[in-house]
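Both complexes shown next keep subunit A, but they swap its partner, so subunit B is in the first and subunit C is in the second.
Right after this comes the complex of A and B.
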């Protein structure tokens, strides 16, 4: 039982990271209908800058995180302004590709600094520290991950529900033209969406980097597991992204933990595909996800 | 050139039919392992991956056929989805493929990889330096000789198919699905045949890719980064164009080699870890963005525009000179 709780806890923490990444995807998709394949590289760039700022420049952790947030948000907003703005109305394929282009640029950019191998993550607390309770180890990082994810969710909820800009973003998501007619500044909405997405990705990246203890330029590939999460939760649903992320994290960690019992049957590395198998099943049964809007299309 | 074949295969699916696929390496892997299974050397030690040691005339087409069959198997599931969803599912396919390849030890040799057959016709081996007509050709030159006609054949084939009824149907599906259905295109059939056709070529390209001198590949060869490189090649070269595929592949896959060969990068940068691969990655990442923004049809679109400009300029000059512009050959525009 303790083993199960341990796995479930680790899964929850992992799921929170997926949830943060998935949030970024959903916010961008909802406001502008773009799927940002470069989301994973925001994780990498964020974690990388934080790490460089702490270890090379000797800055305080929180200052480093602040700088990382600033830079990734800037990248997100600038990319939206100078590349995606001109892609409106182009086919989905072109838009996917341009974000993949950004993905390649960001990843290679990090590699090119020549400092991307075996980087220690920036962290305010010990990597392995934590408390033991009832035979279960609750890692400090995992606890913080869950807590911060919760805070992010609440903050985003308040932002969308009670602020002027949150309202503008929701209006733009429902009907862009009507929102424009009502005087909503769509450009600001897009910029905000990219900024928020980049910021949550940076937070996720910093936690993820602590979680894996040392990281290199492949850190961003973790974002690929957020795809199953957003499909599961529904592409355009923000609570769905969070639920989907947590479910995917749990499923993955549980299969990983119990894999050795069924290894003869499923072989090695089964946990790397369970999220995708789950996603394919969801796509076949309920393509709009658990919380997504049903889209009716007649031919 | 093998890359050009794979890019060509991707172009059928994504460029001509408009189905976004990131799963090309999955089909390349399937093709490669089929080739290895049929054409690989007999197991030397017990526990070595199996190989039936058949000739290239069997394993090369078989690689394509098995990949096509896999495509037919996966197709109905994948093709119910559109746009982003399809891209994500094909992406999942790559991971599922990696998992399968790592676990099917008997055929793939597990995570350590296995030896692949080398192309040879009877005694004539394409993988070792052999003198012919008194000229000693290196392995690479032999490979070049083998691949050039194959690629030419494929390119011609794709070019012709795209001008046939089926090819037109593919393009109609890309441009407007509803419209295509209304004018009588069987959507499912068209998408399926594009998928299978593309898988077939990907399988052949995969077999050749793995058997390239050295003939050794791990399951991790067939990863997502390779798939994205093919997509990049297609976009830089030109979507829905045979020549574009070849140019794009030459660019994306040849650039690191060219940078290495001509050592355009000063030696000092080797300390900072900047490799030619990284530099070309930056270049094509940048190029994708620029091309998507300014010239969505790729290099080939650019070339076409320039040639048509020159021709127009020519004709105008002729008219001015009092010579009646003959009905000169219209600019050949492949759609």
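Right after this comes the complex of A and C.
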């Protein structure tokens, strides 16, 4: 039982990281209809800046995280302002290609510093910090990952539900033209979406880097696992992104932990495909994901 | 004017002879002292011989492996050229960045294959695998900076050092025979690719040779970002010694996660699983220094009692003064010594064509690399193309140059001795 709980707890924490990455995808998609393929690299840049600020500049962990957040949010907002804004009305394919370009730029930028290999993560605690109960280790990083993800979800809920800008973003998500007619500043909505997405990616990156003990420039590839999470939860649903992320994390870890028992049947590395298998099964039953909005068009 | 038949035949024969002579001159050139046969990559007027380098100079593998390893090769040939070259021929390196991507590697290979006599470096298992059939088709020798066992069966591949499979076998020889641990409970965590499979093959052979009690096997993908399942699996199995056929970041993640869930077996790291950068991580450095060994090869950095090391350090001072202690630099430098031996033999045979280089390689027998690595052996059969079967088990020690301290000295285990390729 301890083995199962250990895996489930790790899966929940890993799922929370997927959820944070998925949240970034969903927020941008909801407000602008763009799938940001650079989301994973925001995570890398955030973790990298926090690490450099801690180890090269000698800053306190929390100050390093603040600087990382500031820089990634700035990159997100500036990219929206100076690249994407000129693409309004262009085909979705062209916009996607531009986000892929940003993805390559960010990763190359990190690699070119020459400091991206076996990078120690910025962390406020030791690698074995945590509590043991019933033969299960509840790691401090995993506990904080779950707690911070919850806080982010609540904060985003309050922001979207009760603030003026949140309302503006929701309005723009439902109908951009109507929102524009009602005086909503669409440019500000886009900038906010990119800023929030960059911020949640940075938080995910910092937790993920601590989780893997050392990291390199491939850290952003985790976004590949967030894709099934957002599709599974529903591309335009914020609760869907969170539920999708957690489900993917749990399924992946439990498959990893138990696949050796059925290795003769499924072979090794089955855990790599389980998120995608699950995604396909859910889409067969619910084509718009668990919480996605069914599109109704007048013909 | 009429020409008599006999005279016409004579003129015809002379013309044929002249054409043949021109053709032969085109194929082989005279090198003063004797006829030197050449084809690709040799400029007899400028007296240069060009060698190809296929290595990641950008991307994640560049900084820790690609760049220092290539610098090792450059430094060695800088010294060779400064001392007059090989039989008066200066070595020219034509480098291409593969980004550790098999597709880019193939494209780079195709671009420069006709400009070079042989490839003095092809770094990486998946990248080198991509050009194995091409090099066989083009009859071009490739010095491989990877220790994948199967390359020993490929006639145009030049291996440097003991293959991964034998590294695992030697590690367990050390545990069972040198330390006297009988029937230890063991496990392995390996990367799910060709590199990992090579480690797993060695592990299975070691199980049979040394009576290991295999209690757990787990695998991971190179893209994995959590290692709790693997660590928990091995913890549940109760393995005392766990072999890691991994890359450094994964090794760090596995060891750190296992420690966090209260599992601290003795870790044995395949040579590419360790990188000095891991010692920067607080907490992990202590674990590595107390609970991990690395199985690899090579003289300790700075040990000037080893002639090859003394020579290498002198050359670093002259040609690459900023170079820090680095095992991959040492590997590249050693690799260049083997390439030099092939070229020298070919020049001695007056045949630096591709066929001549293959012939020189097949007849090398022993290459003394000055103690940087043990004497390397080569021949024409797969078993003879395994250059060495010995290893050293190191502890990790941040206070010594290169961060590795020999525990076992250089040795060949009985299993590695008998292993067939």
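As a convention for this text, the second predicted complex is superposed on the first by the 295 of 299 C-alpha atoms of A that agree within 3 Å, B and C clash if a C-alpha of one lies under 4 Å from a C-alpha of the other, contacts with A are read in each partner's own complex, and residues count from 1 in each chain.
Here is the rule we go by: contacts are C-beta pairs under 8 Å (C-beta built on N, C-alpha and C of every residue); 3 or more make two chains touch, one makes a residue touch a chain.
Everything numeric in this text was worked out from a predicted model, so none of it was measured.
Colleague: Classify the contacts of A:156 with the two partner chains as first (subunit B alone), second (subunit C alone), both, or neither.
Modeller: A:156 sits against neither subunit B nor subunit C.
Colleague: Going by the contact rule set out at the top, does A:120 touch subunit B (first), subunit C (second), both, or neither?
Modeller: Only subunit C is touched by A:120; subunit B is not.
Colleague: Which partner chains sit in contact with A:139 here, subunit B, subunit C, both or neither? Use first/second/both/neither.
Modeller: It touches subunit C, and subunit B stays clear.
Colleague: Counting only touches as set out at the top, which of subunit B and subunit C does A:5 meet: first, second, both, neither?
Modeller: neither
Colleague: Quick check for you: in the superposed arrangement, does A:224 touch first (subunit B), second (subunit C), both or neither?
Modeller: Once the two structures are laid over each other on A, A:224 reaches both partners.
Colleague: Classify the contacts of A:35 with the two partner chains as first (subunit B alone), second (subunit C alone), both, or neither.
Modeller: first
Colleague: Quick check for you: in the superposed arrangement, does A:290 touch first (subunit B), second (subunit C), both or neither?
Modeller: A:290 sits against neither subunit B nor subunit C.
Colleague: Using the touch definition from the top, say if A:101 reaches subunit B (first), subunit C (second), both or neither.
Modeller: Touch partner of A:101: subunit B, not subunit C.
Colleague: Contact-wise, after the overlay, does A:253 reach subunit B, subunit C, both or neither (first, second, both, neither)?
Modeller: second
Colleague: Shared contact residues on subunit A for subunit B and subunit C?
Modeller: 108, 111, 114, 116-117, 221, 224, 268-269, 272
Colleague: Which residues of subunit A touch subunit B once you look at their complex with the stated criterion?
Modeller: Where subunit A meets subunit B, its residues are 35, 83, 86-87, 90-94, 96-98, 100-105, 107-109, 111-114, 116-117, 221, 224, 227-228, 231, 235, 267-270, 272-273, 276-277, 279-280, 283-284, 287, 299.
Colleague: Would you pull the subunit C residues touching subunit A in the complex into a rising list?
Modeller: It is residues 58-60, 62-64, 192, 217-219, 221-223, 225-230, 232-233, 236, 248-249, 252-253, 255-257, 259-262, 275, 277-278, 280-284, 287 of subunit C that touch subunit A.
Colleague: Residue numbers of subunit B touching subunit A in their complex, please.
Modeller: Going through subunit B, the ones touching subunit A are 14, 18, 20, 77, 80-81, 83-85, 87-89, 91-92, 95-96, 98-99, 102-103, 111, 177-178, 181, 187, 224, 228, 231-232, 235, 271-274, 278, 281-282, 284-289, 292-293, 296.
Colleague: So in the complex, the part of subunit A that touches subunit C is made up of which residues?
Modeller: Listed in rising order, the residues of subunit A that touch subunit C are 3, 6-7, 10, 14, 17, 55, 108, 111, 114, 116-121, 123, 126-130, 132, 137, 139, 208, 211-219, 221-222, 224, 253, 256-257, 260, 268-269, 271-272.
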